[in-house]
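First chain A sits with chain B, and in the next complex the same chain sits with chain C.
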Partner chain A sequence: MYVARNISADHKDLIHDVAFDFYGRRMATCSSDHSVQVWDINDKNEWHCTASWKTHSGSVWRVTWAHPEFGQVLASCSYDRMAAIWEEIAGSTTQSQRRQGHWIKRATLVDSRTSVTDVKFSPRCLGLKLATCSADGNVRIYEAPDLTDLTTWEIQDQIQTKLSCSCLSWNPSRLHPATIAVGSDNTNPAAGGKVQIYEHSENERKWNRTSMLMSITEAVHDIAYAPNLGRSYDVLAIATKDVVIMRFDKKDPAMIGPAPGRNTPVQLDHQGAQVWQISWNITGTILAASSDDGMVKLWKANYLDKWKCIQVLKGDGSSVAPLLMQPKEAARETRGSSLPEPSVDAGFMSSSPKFSIFTSSWFSDSSPRSRQGRPSSSPGSTASSTVIRGFHVH
Partner chain B sequence: MTTTSVQVDSGINAISTNRDKTLVAAAGRLVFKVYSIEEGSFREQQDLRVGRINLNYSCNDVVWNPVKDELLATGATNGAVVTWNLNIQRDIRNEKCDMTFPANGSSSGSIRDIQFNPHQLFMFAAATDNGYVQFWDYRRSDRVLLQELVHQEIVFSLDWHPDERQWLATSGRDKTIKIWHWESHEWRLRIDYTLYHIQSVRKVKWRPQRKYHIASCSQVDDNAVSVWDVRRPYVPFAVFEEHKEAPTGIEWYDQNVFLTSGKDGNIFQHVFKDAKKPAETSNPVGLSMSLHGDIFHTSALSGKNTHQRGSISNDITSVKRPMFFRRTDRTTDSFPAYESTLVYYELKEDREDSEYIPYERDKLHIPVSVFKWFCASAKEYQLTGKPFGELCEENAKIAEGLGRHQVAQTWHLLRLFFVDVSQLMPKVYSKQSSGGSAEVPSSQTSTEVDRDSANIHREGSMDQNPPTEVSHAPDSTTGVTDEESDSELDKNKRRNKMLAEMDPIENPFTIEDEENYVGEYNWWENAANENWHLPTEGFSHRHEITDRPPTPDTLHDRSRPSTPPPKPELDQNLQASHNHPLLASHAIDQAITKHRSEFNLSIKYRPLIKEMLAYYADAGDVQMSVSAYIVLGDKIKGEIPSETIEHWFISYIELLNRFKLWTLANEVIKCSDHPNIQMLNQQSTTIYTNCNNCEKGIEKHAWACSKCSKLTNPCSIW
Partner chain C sequence: MAMQRREIPEFIIPVSGSQDNLLSARWGQGLQLMVFSGNGKRRYMAGEADVAVNLDKPSVVHDVRWQTDMHYPATRKLAAQSHEIFTSLQKHTSDATDGTKKPQLVKFSRRYRVAMMECLEDLRKAASDMAEDEGDQETYKDMCQLYQQLELIWNLCEILYIENLPGGVILQQLLDWVKLHFTDADTLAARIISEGEINISKDYWSAVYIYVLQGRLAEARHLLSMNPETQHDVHGAYARIDELMRRMPVFSVFSRQSLAEFDLKWRNWQEICQQLLVDGVFVSYQPLETICRILAGQQDVLDQLQDLAGDWYQIMVTKLLYTNPMVKAVDLQYHAKSCMDKFRGSSRLLPLDQILLAALEYDVTQIIKISSSNLSNWWFVAHLADLLHHAGQLETHQLDFGATMREFLLLEYASTLMARESMWQIIIEYLEHCPVFGRHHLELFVEKIPLQSEKKAYKVLKICDEKNMDDQAQSICKVMGMRALQEKRLGTALTWCLRSQDASFATYLAEKFLTEYSLNGNFSNLDLIDNLGSSMLVSDRLTFLAKYRDFHRLYEEGEFAEAGELLLSLIEANLAPKQFMLILLTDALPLLELDVVVFSSKQTSQLLMCKENLLKWYQSEEYTREILPKKSKGHVELEKEKMELLQLGLSRNLSRALLEESVRT
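Let's look at the complex of A and B:
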């Protein structure tokens, strides 16, 4: 069930990115109006903008949070060819500071000659590192050698990908050497694969390209490794014309391992709509993909590793029952969504961008859903057929 | 028309086209050339920089005479204005100044740009270094018509709109372009639009036949020429990135073609169809999913809305105004609103009050949120402190309650793998007597089940409590009691207990206090266990102590021998059960069959369990893997590679930390047998405190603040 609430955001142009912090209690937005806003949720579950400040002199493409171990740190990147590091400092608020909160600029990374299209902090196990990529195809890895001094960032490496970069993602797995996947928005199919994967070699002290995904020929707009919580393989989601989910086995990262039941990467169909951004849930089992028709689709693999759309969220605040739902269920779902009708004309006519807040329970745990119906509930009984199948017991 | 370029020798400071746009003059510090623009290419016509060269010819600006095609004027860096006649080559005249306008007057500052008003013959505007724009009538040098502060810093450039008589664009070092509306009747400027440029703006030039479009280029550090729609102040409409260094001059050829010069010494002819449009390629949607499953989603308002807006305004104009007043210029109609909706999908339970989703719900496959089941399981899973079979049962129940049937079945399976069916006998009693919350009793009933489990050594200390209480009980049964509470109930209880002792299985008793009954029955059994278990108890105590050595490395080394190999343990138990007089003969049989069968089962199922744990980890439920691994304990020790175990534990601990379940995370760390994990809660255990008075971190002395020299509170953590 989704319940909608509306809050207006004070951005004066398109919002390009939203980012939850580590604990899901803060959120940052960035916009073409050169500003970043930080939102906090209060005890009543309401979001409040606690800081809004001009961060760049160009469209701010992406904003991202560092691990809270390093403090309340944000990184932003912009069309103005810079990436910036912001830190919130503790202290009492004076009237003049209120708009900016306590966010102060710690560093500006000015190495790029073109628009910086993505910025991402490394997984925590690698320390405090930052990767940026820019429209001229350069990926830069920065490191803060002193964790207490965020003003000093040393450029550690620079990778030339030869294709204009649009997005990057760190492999979160701690079993791997540092790995980055870079997506390109180059539209020329002849220019080769649009996703390249680079791995850092400790011995050579440089980044080597381990693979170029030749099957991805369309422009890539977002790329995201699934969180790796004890997985033995890596999963990479790529937002291109459709969403593609790829699986990499640890033993041979250059090869795409055959997932159970199929040998090809999974394509998640968005019916021709361009998917621009994707996001994994915390366990890496559900993928949310948002397309330019304003819809969000939630995808989840069943126990056969078939990806199904479990929910469609329309940008205007209503939710649509997914196709695989049973009719009874669908009825329930629509009833739930009809509770808060979003004020349509307010959304259209108001001068400021609108927040709508939804509430839902349509989320699943990781257990594959039994299609046999109600599983046996008596505790001492033998395993149901579903369980056996799930474990490949022969 | 295509994008073309010509390489001039060195940096160009300005370009100018003649009236017919057939010739372009490029002037720089070391260059002054005239090119003809022909179909798709530039051709050098004349090089005016020949012969005697002096500072006067180092050009900062160049302008073509709007009427006479052969006349050019240049402004030199030393302040000289030179006019050139192309027909009389090298016939260069220094013209004397006709008129001087005391531009600085009160507000001093040099003039950066001058533009004649195309609509008012005698008026020109000048941009000053200190942020002012001045309007002059060139027939009257004695007074400024209008002077207005337009920028914070230097005004680099200004341009009159070719069609809109009232509009003037200025650009400055403060990284803005401002569009001013000149209210001529009041002689003042009102700001209409402000554009936020990436850098200080060297040059602005209105695009012909497009009311709202203006081209600009930066002074430094930005090689792009941008064309803006003034109604969208933050994002350029089109960008041309051909120059390698900062562009300097802009000249429109027609509405779709324009020329620029750059410090890199190139003249480019830009065509609009080759433009990059950042607004079109920018990301219109954003998405983020929090750890609770909440989603923030932002998307640009769709074109549908903007279209509606446009049509509405058109309707209004058609109603209000007669046909012939309507603007014919179609390019100026509806302007899309560049706004985003920001949508927050919050994950919530249908029923806030319900802890668990009722069982019926699961039939519809409406699952609980990750957050809900994860936290509930993390809090309620029993990992230690009870016998193995019991833990599995409990955890299965918890998973069942959360609607996670596969997980529940797995717990059941685990129990079945390792606990022989004959050992489920005591369970029968607890079932018979079930109805109350059978937690205490059940924990005792199946101690037997798990006697062999290596866990018993750790749990040994927990089992110490019942015997001490119980030690009085035999007295009470014999009637020698200190207590006077000899109520009817107690008598009843005792009677029942006696019955139970005689024939525990067949006794069809009815009792009021079921819990007590089962408990005492089990106590009896437990006490029996104690008797033969006593010898080993001493060892387990020792291990408990050595279990927490000061350094993690020694811990690992010592904990190895502390967990004895299962084989001798079995023998010991067997022996114990043989020797014990209180155990009935069937109990011995049980023990034998149990040990034998478990031994076999564990061999048989170990790979399967390994696979199962890996399956859960792969499926994103590392919680199950870790919990099961802890509960299984030694049963699958050595089966799973140590680095995988470490990976699982770290992942699970990280998840717990993310959900702010720090104490649970610590418990998991304590339960692990991996040295690297155990290290985790022994690193950086220092607690830093701040002064309660001035909030400064306390460094040296815990009891006084060095800054405000006050004593801190005795209790400083909250």
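Let's look at the complex of A and C:
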């Protein structure tokens, strides 16, 4: 059973990224309206905006959380050529700061001369490091030498990838030297592979390119290593035309798993549509990929490493007017009659048929159809049987 | 291909502008996605210019969750209860011998079923509870239906795989199975009896027929005896049928009867039934004739009573009862197939049919497979697979990545619980019983448990200690220490820091304490600092802090000589931050003013030397550039004054000490 609850953010422009904190209890959103919002979930599983502030003077592309070991720290990157580090501090704030909560800017990283397209903190085992990449093809790795003073960030290295960068991902594996995969949105197929992998060499104290994936010739818009839970290989998902899944076997023979050698890339079919964003679940078993055709597809691999789409989420294309919820104000649940129009009801919660199946794609040949048959629900058909939950107008 | 595509379930989110701005999704904890409109395309289009769109409506984020079955109050209870059964089952089977194993497993299976029935009962209550809102009621109703089916399947699996009695004669258990799950006759009978006067209606006969079809002849006889017609049973038809039913032979594994004996008796009895029909004894008693035809095992009567006979598996049991009561469990599949063909016809098989058929065919993998893809519920498959695994019924199906089917299912079940924060202890136990990947999942999961309170953090730490997860424990301490620092609780932060043995953090905190002292002139968290013991060695700065505090204590206690010595060694050891040096030296002042001479001439000259060094530092470029600008004018004046006082005190002490020393020699 799928249940969707709407949360009305008051971003004035498109949201570009949503990032969960380490525990999944906080969320940050960023938008073209130059602002970042921070949301907290309460015991009743309702999200409340606790801070909203202007972070940049251009579209904010990405926002990301540092590990809580380093405090409550966010990094954002923007079209305004900057990346910024934000830290939440305890204490009272003045009225004028209220909207910003307790978030203060610790540092601005101004090294890029073009739009900064992605920003990611390193896995915790590498300390507090930050990688950014920008449209002019530079990848920069920063390090906070003093964890108790986040105003100072030193550039550890700067890599010129020679192709405009759109995205990057740290390899989460602890058994590996620090590794970053960088994707490029360069559209010229002749410009070479659009994914490059860099590895940090402790001895040389620099980052070296270990491979360029020549098979990826189309523009890449997102890239993500899967969380590794004891697998003997790394898995990298690449959002290009369709999604490509690459496997990299580790050298360490002590790892558990099957015999190495099946490194052929797997193509996840989005009918050739451009895929823009991908996201792994925390155990690295399901991938969500969103593409040009307006669909978000959930992919899962079975035991033969056969990937199967187990669920599609898509918009209905309607323009249901979401009710406004002001940040810092409690979301209130309303029941049917208090909503403005019955036709809007389905907009606040719709569910696919009860016991619609979230299938185990471990068995690739079994039908994921629901017991009760209806494969999908349109708002009209479910309005009668769904709970109506919405947020009140304030 | 087209067929396959249609089979992917779709979930429609009412999103404004999704056509233009598309959708993106980010994973949360467990099975949760944040879906929002707008994605990278816009960024890419922005290219050279950053154009604002200025939406006329605020943008919306959709919190999409699924597999929330276990998040309702009734199912949460089920999750808790089954977790208990699960853990004791794991413990039990590791030290059980073969002899005691089976009866124990049956007990475990029954405990699971009891938990399911309780859950079902709670769901029923909730479904009819007017306090619940309509949508929830609807959900509960659907869940009732689901759990009813789950219990039906579980019970059959229990009969076939866990209990499997010697000899393989299985009919009696199948009858119990049908009796337990299909209670229409009881409902009808109860209503008829409660009405007082027995009204010979259609319902009355329906109840009697169903009892007979289910082989519950005692109940059927009871109901028949209440028929007023039995009072004037001139032809003795009622007595005849009663006699027939009473004398029907029943086979029991526990009786001393042999199969051949039973077979003989049974054939005899059925011949009598058939003979009575031929003789036309019940011709003028239509309902009794029907009963007798059932008893005689006539097929066509089942067709007539199809509305009452139930689904194909119920009909199968009826048919076996009256035609083949000694059927062996292994042969059930043939009977199942023929009943299914006859009574299901060409209509599409529902998952329940497929699962029951797979069970009767002894195809365990197929049961799990169909159940997991159709019943939207990992609870069922995970626990059933685990039980079957312990009963040795689950082939150890090696998956590509080395986990068994059981482990795969347990991991899936655990991950459906993850979205529910209060389940964390339960999740840990399940992960622990996954031999291959459990550990990795556990390590990931333990770190991700939200730590709302110190108490919870200590609980999680205890688990880390038990399972030797040092890295995770350290990380948790760091997180807690950092949080305490953020909240300006230095003592707590230091406690957490000491647990994680984080040297740089300890240095930082020690400095914080010293700063606090230099501002207020006293220490907070004295208890903690006084009792640092050997843990002070984590960092030099912390050692200094502890020793400096020792100095204060000695001074307060009047141990001036010792205090002086300690102070000197602290100054000499250079453990203190430079900025703190003046404070240390100033601390020497009261000792210099005492009547007794504390510092010897040698010690005094050492102090003088330190003072000179400090003076040099004050004049250094580093100091004038970085530190001086931050100090107020008054502060600088005060420092100057202190230095002068020191100069004076030290020189006076030097002369006193020299005098005293010369007197002594």
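Annotations for the structure displayed:
Note that in this section the second predicted complex is superposed on the first by the 297 of 394 C-alpha atoms of A that agree within 3 Å, B and C clash if a C-alpha of one lies under 4 Å from a C-alpha of the other, contacts with A are read in each partner's own complex, and residues count from 1 in each chain.
By definition in this document, a contact is a pair of C-beta atoms (placed from the backbone, for glycine too) under 8 Å apart; a residue touches a chain by one contact, two chains touch by 3 or more.
What you are looking at is a predicted structure, and each value in this text was computed from that prediction instead of being measured.
By the touch criterion defined above, A:281 lies against chain B and chain C together after alignment on the C-alpha atoms of chain A.
Of the two partner chains placed by superposition, only chain C is touched by A:70; chain B is not.
Once the two complexes are overlaid on the shared chain, A:24 sits against chain B and chain C alike. Within the superposed three-chain model, A:16 lies in touch with chain B and with chain C [touch as defined at top].
In the overlay built on the shared chain, the residue A:313 is in contact with chain B and with chain C. Of the two partner chains, chain B and chain C are each touched by A:58. In the superposed model, A:148 makes contact with chain C only, not with chain B. Comparing which residues of chain A touch chain B with which touch chain C, the overlap comprises 1-3, 5, 7, 9, 11-20, 22-24, 27, 29, 31-33, 47, 58-59, 61, 79, 90, 115, 185, 221, 229-231, 276-277, 279-283, 285-286, 288, 290-292, 294, 296, 313, 315-317, 347, 352, 354-360, 362-363, 366-370, 375-377, 379, 386-387.
Residues of chain C touching chain A in their complex: 6-19, 21-44, 46, 50, 52-55, 57-69, 133-136, 138-139, 142-143, 146, 350-352, 369-370, 372-378, 399-402, 408, 411-412, 415, 418, 421, 436-437, 439-441, 444, 447-450, 475, 478-479, 482-483, 485-488, 504-505, 508. Per the touch definition, chain A reaches chain B in the complex via residues 1-3, 5, 7, 9, 11-20, 22-24, 27, 29, 31-34, 45, 47, 57-59, 61, 79-81, 90, 114-115, 174-175, 185, 221, 228-233, 276-286, 288-294, 296, 313, 315-317, 326, 328-329, 332, 336, 347-348, 351-370, 373-377, 379-384, 386-387, 390-393.
Taken together, the chain B residues at the contact with chain A in this complex read 175, 196-199, 222, 232-235, 241, 278-279, 281-302, 305, 308, 338-350, 359, 362-370, 373, 393, 396-397, 400, 402-410, 412-413, 416, 424, 427, 608, 611-612, 614-622, 625-626, 643-644, 647-648, 650-652, 654-655, 658, 660, 695.
Within the complex formed with chain C, the residues of chain A that make contact are 1-20, 22-25, 27, 29, 31-33, 47, 58-59, 61, 67-72, 79, 88-91, 115, 117, 124, 147-148, 166, 185, 219, 221-222, 227, 229-231, 256-258, 274, 276-277, 279-283, 285-286, 288, 290-292, 294-296, 303-305, 309-322, 324, 335, 346-347, 349-350, 352, 354-360, 362-363, 366-371, 375-379, 385-388.
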